[in-house]
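Multiple structures follow.
Heads up, the next two complexes both have subunit A, just with different partners, subunit B and then subunit C.
Presenting the complex of A and B:
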């Protein structure tokens, strides 16, 4: 059995469904991100696991034990809050000791644990400070140290980086991942920031309106989205709506706009759907390339290391193309006539 | 051009806004108080009135006469008792109020404010009807044979305690309610997540974080008790005297203004000491 198992978890508030059909297995030591837009049910799920929200139905199993009915203070699940929730009237040391005292850890051992977690997060010299005397990043570390001191079965993060400034946020991503690996604790990380999920998680659970849209590694989620929602929510995708139809020798994809695309992934079935292509998978080719699509550059935008082109095809479809700025690659101008193509394996067919 | 004119929002505007209020306070409060302070150091002779000679006789009389010293302690003790009563009754009420939402909170809020919506005299007469020897409470208890003789609820400390506790309770409740509402709710969840039960959360999180509200509520109730006049006069009558009744008696009945002023100033200083002490207590917690 998996380390953490969620079975048919469901939460409704009156007529509104917050979470439904939530099935998930997490292995020991895994770092899993729950990713989705606000209101998708990711925080509700986390709060159900922490014991703050009773599920309407379904089960939560941690280390082979059913904890669904267990009150929050008996779950041994560490939660790092978005606002850190440090006790403002207690020093860093007292904040950490609070949980140890609640668990009746004897004082010699508690002392040792406080010392070791403070060393772990690099705040040994700050144990007598009050939370308000610490920076956002330091408060974050104390919040983490406070739950790690209890040696939790499971670590839960509720958007812990959203209150930090951009640079610190990137730094803390690595820091949290380093600590989680060092301690070897299993972690669930709620975020609406896809970059955060991509860079930190072993596996990502994408949520859409209370349901799991897709579970997979960051690469799977990005390269092989299974629904239009995932393809749209993670990164940028170009979508072509239409249906494949057989033509002389090989199949074509005919869009509702009238555009015909000859580049199709192998798995494309006969039914109507959406063809999704990532902007960086599209390349510019010369006029004689087979199955290439002609268009005009309507907009050329600087994205730093990359150029973003908005291309209008003859059919009126608009396509976004990302091209790396590299030596000997000239930057294209608005109004330029171009032809674009992509490798069949780089497009994904999604049932609509 | 003078600098205060070129930067009006910097130096001029605050004073202009404070001005009328400051002027009013100076004229109507600081002025009379200074006059009163001066009078408290003057002499008095029956038939002659105030004798303009500086002396400490009034203060000496107040602090060395056992009768007046007894009233000083009695008043301070009453203040402490009313404060304790309001704290014990007020904290659970404030806790319930801070947890209530929407209509429930509005109704509860109104009920708590009710004592302040009635005039002091009317409210005190109401208490007299209830507390008297033939009052509603004694009458009912006697009728159901729960007591053999009427309880003494009027003309003693008990009555004053009940009546003052009722009217000053809202100050305690509202102060604590504000402090409780200022506690970030995620702190409770964090404490629970760290394995704490309700009692630990209450004594380690709720109580210490609501301390500023408890202190300010206590100061309000204590000073309210010390300066109360109508309620102790009507309910305690001549049997139980407090400082405010003595001040009134000295100044209005005996026309001994200097002695009345000296008692008034002693009371003012007592309140001031308490106020500064409580302020420092909460300030230290904040800067600690």
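Presenting the complex of A and C:
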């Protein structure tokens, strides 16, 4: 049995469904991100695991024990809050000791734990400071040290980086991952920031309106999205709506706009759906390339190391193309006539 | 323009504080009736206050009554405020209105209502009856001030405490209570002063054995005109300042983090 198991978890508020059909297994030591737009149910799920929100139905199992009915203070689950929730009237040391006292850890051992977690997060010299005397990043570390001192079965993060400035946020991503690996604790990380989820997580759970849209590694989620929502929410995708139809021995994809695409993924079924292609998978080719699509560049934008082109096809469909700036690759101009194509394996067919 | 504003400020301050200064000054005057400016300098009116048994008894009764009522009001008021702010109670607005209504009713109406109510349970002219009445009168102040400090309290702190393994008691006594203590203290001080000062309701409910200081003062000024009352007033003002200023500066002033 997995380390953490969520079974058919469901939460409704009156007629509103916050979370439904939530099934998830997390292995020991794994770092899993719950990713989705606001209101997708990711925080509700986290709060159910922490014990602050009673599930309407379903079960939560941690280390082989059913904790669904256990009150929050009896679950050994550490939560790092979005605003850190440090006790403002207590010093850093007292904040960490609070949980140790609640768990009746004897004072010699408590001392030792305080010292070791403060060393772990690099704040040994700050133990007598009050939270208001610390920077955002330091408060974040104290919040982390406070839960790590209790050697929790599970670590939960509720958008812990959203209150930090951009540079520090990127730094703390690595810091949190380093600490989690060092301690070897299993972690669940709630975020609406796809970059955060992609860079930090072993596995990502994408949520859409209270349901799991897809579970997979960052690469799977990005390269093999299973729904249009996932393809759209994570990164940028070009979508072509239509249906495949057989023509002269091979398949074509005919879009509702009239565009006909000859480049189809192998598993394209017969039903109507959406063809999704990432902008960086599309390349410019010469006029004689087979199945290439002609178009005109309507916009050329600098993205730093990459150029973003907005191309209007003859059918009126608009396609975004990303091209790395490299030696011997010329930057194209607005108004230029181009032909584009992509490898069949780089497009994904999605049932609509 | 600025000078005009300053003058206006000064005038308003003078208007507010002058009577207090006059009362305090007359307490030290040697004449047999309050005279301003005072003639001569004496402490005999303070001595008169201490050596009049009824007045000393009245002070004792008032202090005991106010302290007891404040204790009840603080406990009831704090938990009422917690319930009103934290929990989704049915009829929350109604409960809140009822709790705060003693502030809104005219004292005479309230006094009459309490008289009728306490008569039914045989508690008129008893200390218990007075404590009940005063508690009712002053609880709203505690509720208001505690609710105000709860509004600034971040509920995720309580969740964090639970998450760290603290049950209800530990969470309440180590986290919630210390953080709303300024509101509770301010409410208690305010409530104590309101109770100590109360005349109308007490006058109707108190028997001859329970003459509080305001009642004694009220009676005293009807029959005599010596500055003993000024001396009592001066003592009270000094006491309020001694309690009020530290509480105000420590807990009520705007704090910047």
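The rule is simple: the second predicted complex is superposed on the first by the 352 of 352 C-alpha atoms of A that agree within 3 Å, B and C clash if a C-alpha of one lies under 4 Å from a C-alpha of the other, contacts with A are read in each partner's own complex, and residues count from 1 in each chain.
In this section, a contact is a pair of C-beta atoms (placed from the backbone, for glycine too) under 8 Å apart; a residue touches a chain by one contact, two chains touch by 3 or more.
What you see is a predicted model, and the numbers here were worked out from it, not measured in a lab.
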item	value
When subunit B and subunit C are modelled together on subunit A, clash or fit	clash
Touching partner for A:89 - first (subunit B), second (subunit C), both, neither	both
Touching partner for A:192 - first (subunit B), second (subunit C), both, neither	neither
Partner chain in contact with A:203 - subunit B first, subunit C second, else both or neither	neither
Which of subunit B and subunit C A:81 touches, first, second, both or neither	both
Where subunit A meets both subunit C and subunit B, residue numbers	50-52, 71-74, 76-79, 81, 83, 85-89, 98-99, 102-103, 146-147, 150
Contact footprint of subunit B on subunit A as seen in their complex	50-52, 71-74, 76-79, 81, 83, 85-89, 98-99, 101-103, 130, 146-147, 150
Subunit A-facing residues of subunit B, complex	184, 186-187, 189-197, 200, 204-205, 208-209, 285, 288
List of subunit C residues in touch with subunit A within their complex	154, 156-157, 159-167, 170-171, 174-175, 178-179, 257
For the subunit A and subunit C complex, residues of the former touching the latter	50-52, 71-74, 76-79, 81, 83, 85-89, 98-99, 102-103, 132, 146-147, 150
